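Take a look at the structures below.
Two complexes come next, and they have one chain in common, chain A, joined by chain B in the first and chain C in the second.
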Partner chain A sequence: MKRLLVVDDDAMVRATVRQMAEDEGFSVVAVTSGKAAREACRRAPFDVAVVDVIMPDEDGIRTMTLLRREHSDLALIGMSGGGRTGNFELLKLSERAGADVLLRKPFDHGAFAEAVRNAVLGHRNRPKDTVP
Partner chain B sequence: MNIFDRLFGQGKSTKPYPTQGRESSASPSDDEGAGDSAFEAKQDEFLHRLRNVLSDRGDVISGRLHMIGLEKVKPSFGARWPQVADKAHEIAKLAIERRLNPTDLYTRFGDLSYLLVFGNLGRADAQVKCALIAREIAEKLLGTQAAAKLMQVSCVSMKENGRLIFEDLGDLDALVREFETRWAEQKAVENDVQRAALQWVTEEDMERSWEVLAKQIGYIYRPMWTVRSQAVTTYHCLPTRSGEDGGMLVGYDVIPRDAPPRFIPRLDGLLLRKAAQELTWLRNADKPLLLAIPVHFETLARTRSRVAYINDCHDIPEELRRYLVLELVGVEDGIPSGRLMELTSALCAECRALLIRLPIGFTDFDAVGKTQATACGLAVDEPTMAEALLFKEFNRFCEEAERVHKQKYVHGLSSPSLLTAALGAGFDYVDGETVASVTEQPEAAHRLGLEGIFFRPESTTENEA
Partner chain C sequence: MISPAAAERFAHLLETTAGGMIDEPLLDTGGLCAALAADLRAGGTNAIALLHAGGAPWRGSGVPLATHLAALKRCRETCRHLLRSGGFAAPDRDSLDDALIHAFDALELESCTHGAGSDGMEAFVGRIRHLHMLGAMARPLGHEINNLLQPVIGMAFSVRRKFPADSAEARNLTLVFDAGKQASAVVNDLLGLARQRGGAPRPVDPMAEVQRAVALLRFRPQPGVALHTFLASETASVILPPGGLTEIVLELAINGLEAMAQTGGALTITLKGGDGTTILEVQDTGPGMTPEVLTRCREPFFTTKPSDPCAGLGLTVVQGLADAAGGALEIDSAAGGTTLRVILPAATEGKP
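== the complex of A and B ==
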């Protein structure tokens, strides 16, 4: 079974992503911070990580940058609602941080499933030298 | 801290004097001067109830008894009043109970009035407290403080023949404003007295110690990033000094804690002169740039130092002042809005833009909204709360500032995560080490993209994985 890691400080988002990912056949681990995400990835490999951009103590951009460095095989999805003002410029930075796919909140099951498929596919096709 | 807490200390939810059911339909104020038997009966009934209320308080004197009436509020509800009356009274009761102290009493009087007795307040303070309670009731009932105009507040006194006189207090807002000003002046005097008591230096000693201190002060410049244009167009000039432990003191921390209070306006004067020098240099170097300096509330609170500061501003040529931004700091929650308006309008005329720095948790944004300030902001240089809580504060702050049509800024963002939260919350201007490092000289205005901020070499160095 493929493994998916969801990283978000919001419990409701974690629960939602977990449900959607399990429906897609993933085994899911949910964590609340970037640091916990890196520890989880060191313990056992994941196929996909869905990382929120706006998080306390370590933002998702930094988390993705560090995950990408340590785990080049990990498909990364940067996820954000852009905060109170819907600032999606932050989400765009996820690409520079190594995200394969960007996912705007709120999203439905279809958008999530497509994002996961594209991330896995996109990551396989991603030239290794583009990894920051 | 809201105006009640500020002016009167926090009221306690004391057990209220029990209300005794519905009363006769007219309040005494309606019938004042009438001589019919119905009025006499009502007045007797009122006196009886008043005696009940005051039975264990023989020290009540004229000026402590007030009445809040809802007569003019009732028509706002039209035919719905019978349905909403109970709820309206419940709201009024809760507002009153929340604000009374253990030494105060109240009782419902008639269908639409409440009598309040303040045990420990003088006449003027009791009137203001009553006006504030009435304003709060109006706001809760009708959704706006402006509805206070519909509230009737009367000061009740008793004639020798036992008849009651209801003296309408008139414009509640004017009453509150007048009190706010009086309170602010009194507070300034109290602060002066307290500080004077702590002073041990002579005038000569003080002058000498200021001169020594002034020679130790240096300056740094903090670039402020404009979110929308993704550019640095403003530098904040901050005083610095080496502390006894070798660390760098920044801002008003350069003034020793035991220094006389007049060092604050002295420092502000010094900053103003430094700003004038730098603005001259920037003009000569053809580097158009906004230069911001702080000015402390303490400097403006006293007439003498305020006038001196404004005069110093005037001394700067107007073509330079077009690039000067002033940031009012030291504003506390609960500052009387009239006072804030007065002080900020004096500053606005002297600079390109006025910023007001507010403490974390500040609530009285309506007062800020009434000023001519361009923006209001926060400083999180030394955060006292977890980032997750700061995130919520950022959102709340921006929401409130936008409600009163002010731009928002935040100083001292020290981590990329705080920066993402600040950008998501909607701040218009941000600064801090995570945005751009401080400089020893203001540099030319320049573009700085988001990628340039987030992917600076030092910000992606892995030291903490």
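== the complex of A and C ==
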């Protein structure tokens, strides 16, 4: 069973993304911060991480950059409901931080399933030497 | 930049119009819209320049401002319609759309300057402030609501799958799902409205932006206040949403003018280059800020003018624009005057 990590400070969003991912057949772990995400990834590898861009202690851009550095095989999905300052520009920024796919909240099952598929495929097809 | 061929095509369109002036029938029957349509079909490289060129002949033409703006609005709508239906890929379409919004704003601002005098200027500044107020509220609100809609939409779908498609439960959950989607569309409309001004940050010429603001300020003379400008001609481009630096100057200058409402004095606007930076200074000779005001003046909605519903966002907006550009806002204030300094890093090639 493929493993998916959800990183979001909002409990309701964690629960929803967990449900969506389980519906898609993933084994899911949900954490509340970037630090907890790195610890979880060190304990056991994940296939996909879905990371909120705006979080209080450490923003998702930094989380994804650090996750990408340590786990080049991990497929990364950035998600945001629009920033407090830069609006959806943050999602573009997260792409630069190494996200394979971006999701705008609120997203439905179809968008989520497609994002996961693309993230996994996109990542698999990406030559190793171009991984940021 | 407008290509020579497009300029020529446009000049020809102008000449073929009675009096060399674009009028509404021309917009409707072909003219500017046709030129724009042709350009957009060819990739849209000249659309913005055409729109600007199309705005120029109105200046001083005696055509009422409202007519001018209504025609331009229709023109912009035509552009947007063409963009939506013309098979453009999303990144190109969005950036062109952004650019058209800005081109329209710039024209509106210019027409305020040239056509409507100080009333137009006040209206324009008022509109900027209202949009900022809307934006300042819409962005965090939009973020929160989009977060809240995530479980509404996600869970409605997940739970619906557990019921037969023709059951009352499934139908009711479809209602919840659809309502969530609709609410999200409303939020995005609001966010879209809030980001209508400016568009994406890009290298902008500080001199042009500051001069535009100064031109607007000359329409707002304040008795007993002299306006001085020291603008260095060779300043490096900075990364801001187009129109952003004009807004910065207007916000700072209007604060300065209001500070000198009782005393009179001098407002000095300086633009200069520094070591890898471009620096804008706006200095007044008013009474200066009290230590309490100086500490709090960057806070959103903090104001010394409680009667103005849009007050309290000027410096927040300036700070936000400076932050976004990777720069800083410095404030020196003492009895005898206040100096606000916006330090912006110069745009470097390859790092837009």
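List of remarks:
Here, the second predicted complex is superposed on the first by the 128 of 132 C-alpha atoms of A that agree within 3 Å, B and C clash if a C-alpha of one lies under 4 Å from a C-alpha of the other, contacts with A are read in each partner's own complex, and residues count from 1 in each chain.
Simple rule for what comes next: a contact is a pair of C-beta atoms (placed from the backbone, for glycine too) under 8 Å apart; a residue touches a chain by one contact, two chains touch by 3 or more.
The structure displayed is predicted, hence computed values, not measured ones.
Aligning the two structures on chain A places chain B and chain C in clashing positions. Looking at the shared chain after the overlay, A:I61 reaches chain B, while chain C stays out of its contact range. After overlaying the two complexes on the shared chain, residue contacts for A:R38 are found with chain B alone; chain C is out of touch. In the superposed model, A:A119 makes contact with neither chain B nor chain C.
When the two structures are aligned on the shared chain, A:R96 is found in touch with chain B, with no touch to chain C. Contacts of A:R69 after superposition: chain B is touched, whereas chain C is not reached. In the superposition on chain A, A:V53 makes contact with chain B only, while chain C stays out of contact range. The superposed model puts chain C in the path of chain B at one of 146-154, 164-172 or 344-352, which is 344-352.
Common to the chain B and chain C interfaces on chain A are residues 54, 80, 82-85, 87, 89. Residues 9, 38, 53-62, 65-66, 69-70, 80, 82-85, 87, 89-90, 93, 96-97 of chain A touch chain B in their complex. Residues of chain C touching chain A in their complex: 139-140, 142-155, 157-158, 161, 177, 180-181, 184, 191, 194-195, 200, 320, 323-324.
Across the complex, chain A meets chain C through its residues 10, 12-13, 15-17, 19-20, 23, 54, 80-87, 89, 104-109, 112. For chain B in complex with chain A, the residues that touch the partner chain are 386-388, 390-391, 395, 398-399, 415-417, 419-421, 423-426, 450-451, 454-455, 459-460, 462, 465.
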